[in-house]
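Letters A, B and C name the chains as they come in the text, with residue numbers starting at 1 for each one.
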């Protein structure tokens, strides 16, 4: 039997400072844009219309920021999370340049932290992943940490290194796409009249719509991002034949649903934190609500930033966490991000 | 709780003469073309092949006429049919210019009629919707009327205005795409030898094939057109978990099935009337038949027009209407349209 | 009732030497590429990245070789296999030029063999099919033979002509895309370190991953290739409502799964033989293994050829054939092909 297939890395294969160059660069184009619109109820005007994007100072509509995220993330799966038990968190995510149709993205990850768990069977790995385009320009950077199995429980524990991570990206560190302005912003065409000044921290917006997920949909999406984790595709992993849905599918679904109430929260520029609170399966009906966490100015004309908590849920449960701080079973996603909005 | 989400318009929110500029312009491209071919068994040569379209005088293959229709229609949903009880009819539809990959479409609707129903709880709204490209050229115009809920049954009825609508677009009013000719038309490559002169009014063509619809397919399609009506996506609306399929999905499916027998009915240029006779659900096997209603000359070389009734059915029922003129339960769609065909 | 629909050809409609020009040329583009990535877990770097393809001497990433195959094949269905009982085999397949986004493909088939079966009800038809682009350049040629129903069992049998077919394409007959070189090949970006010299005839590679197929997925794919065979789409053909999955869907799925262990088996250039051993249905979990059959040099810098047997299976069965040489029931596909790999 050949041993040429990739078994994935185990906890003891990671060293702090190690840089992993992930395989299979990917050219993204109009096809991926169209598929994004078929897979998610996305309606953000800046991504839907070249003409609208041009009216905001861009030379055309960039690809959705989450297309960049999923593509960069997908490349890391064979090296980072093939033997992962859990995707624990995100931090310090920043979108650094728009991705245009025709761009080719590749990813690298640097191991920035390691901590073996007390059971000796697993450990936590922190990586800082960077996506780069064909011109060598960084387009996205974020920290992710995952729990990974050890190959051999008897292997010695590495020195514990836990990185210091910001609770949130500071507004001054957000990168505004070159040339962007919202001074001539057409609120009617964008779909809602609400500008940054209309939102107050603490305000909660229920996004009304629900979408019931089918197996075919999340598999099409997850393959599109070349994310190869078996659990998303192979029904024989579970007795009920359901496949575990890629957490990023829920992020995109919830973000698209949030159009209704946040139509002007256009470009995502920062990812402060994120938790996949509970697994999502085909047949679940996903709904979303957002809470305004903060607002900030930026240096670009007419462009402000809004910090949002985006929560995706399934079924009819209410609330977020129980008394012990544990996510309630109907909560799928708790995401904390910055988006750009006309002031 | 925030009140920023869009509850949709109710009957009393419409005034005759009101013009609604619909949100979210959309750039359409090669991705939408490919998806159209994945979602429907479309084989019309003019839309499938740039080379074939060039042999008919066009600079390349336009996007399918129904891509234009669905996109223009989809934009109207949040403003026209979010609180609609029923989609009652279409009239005076004309395709005014081809849509090319890269074009951006936006829609506006003018309210041209209002009539409160005798129950006082609903009313009928007539709108004339126009789709326009990024150059300001109209690409499509049609009248649609829907039954809409009143917010408040006690609100006074508006003055009744019922627009005068043509039974059919007159052949002389059909717009032929600039440069189109069928004088060198390759019938073998197009798939069938039948030209306009081979069809006679009254002739009925059973299109042989059947397609069983899956939930994932109609949801992908409906999202692609940014049609956000909840009933298409949220399984919790019905006890059986089925979602009501967007009527336009059935139109595209039936039109694609009609290739077998009408391969040379190329471009759709007129929509005379249309009824979504019964709801369609995932699991239904859709079949189609056409009846030739009329034929006409046009001013373009070798180009004639054929008026067709396109009927989509599910299951095995026969016939169209019962003795009282009501559609039989197996009938999904009854569409009356003009297409261009080589003479 | 109109007789304009296509009933398909029957056995007695074929004559040796007859050339059939298949209908509906098709322009392929970035949308088809994106859909291919959504439908199959394809990760070959040469098809995923314009930049990677450029580093191998091409001006950009061609469309996947199997997109060309499915498109050329799909056009033949209405003329060759609409009344086919079984798809019996492939031989002498050669990819003759890459297909680039924007290319338009058309197909022709020449009947090269006929043999009536002893039951008098069916016969075997051999055709050599050629796919050609808009410049008149052949891009693909292969022989396929199918068992086709007779319209009339009493019709006289034609003279039996069984073509002489090669067991395999000779390495010297493989066509290497113009300009291709693998001298600067980046194995890390491609995903695996294994070069041609690391593979030995007889080596077997189990590709680890499994994919459970949904109805929506195979129908989207099959429609995309404009393959209209009823059995793939119409659930009323079988009491269990399942549709027979297009054999080419299994080919693409198995080829994509084979990335894990054969990431550097880049371009497919030869199809030596192929059998669809058992039918595949939605719900089946497809896995794949490959056996190295041969390796060869080519004239292009750094480019070798590897001959592979690719076997797709469903469920957990082991082995390929029973004692009588019949495929075991878990075997879906047994394909013999040549791919190009860095030496």
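Points to keep in mind about this one:
As a working rule, a contact is a pair of C-beta atoms (placed from the backbone, for glycine too) under 8 Å apart; a residue touches a chain by one contact, two chains touch by 3 or more.
Treat the numbers as computed from the prediction; the structure is a model and nothing was measured.
Of all residue numbers used where subunit B meets subunit C, under half belong to both copies. The two sides are thus made of different residues.
For the two copies, subunit A and subunit B, the CA superposition rotation is 120 degrees, given to the nearest 5. With each centre defined as the average position of its C-alpha atoms, the distance from subunit B to subunit C rounds to 36 Å. Multi-chain contact residues of subunit B, defined as those touching 2 or more other chains: 29-32, 34-35, 214-217, 220.
The part of subunit B that touches subunit A in the complex is made up of residues 1-2, 4-6, 21, 23-27, 29-32, 34-35, 78, 101-102, 104, 106, 134, 214-217, 219-221, 223-224, 226, 228, 230, 233-236, 241, 243.
Of all residues in subunit C, only 29-35, 37-41, 43, 45, 48-52, 61, 188-192, 194, 198, 203-212, 214-217, 220, 260-263, 283, 285 touch subunit A in the complex they form.
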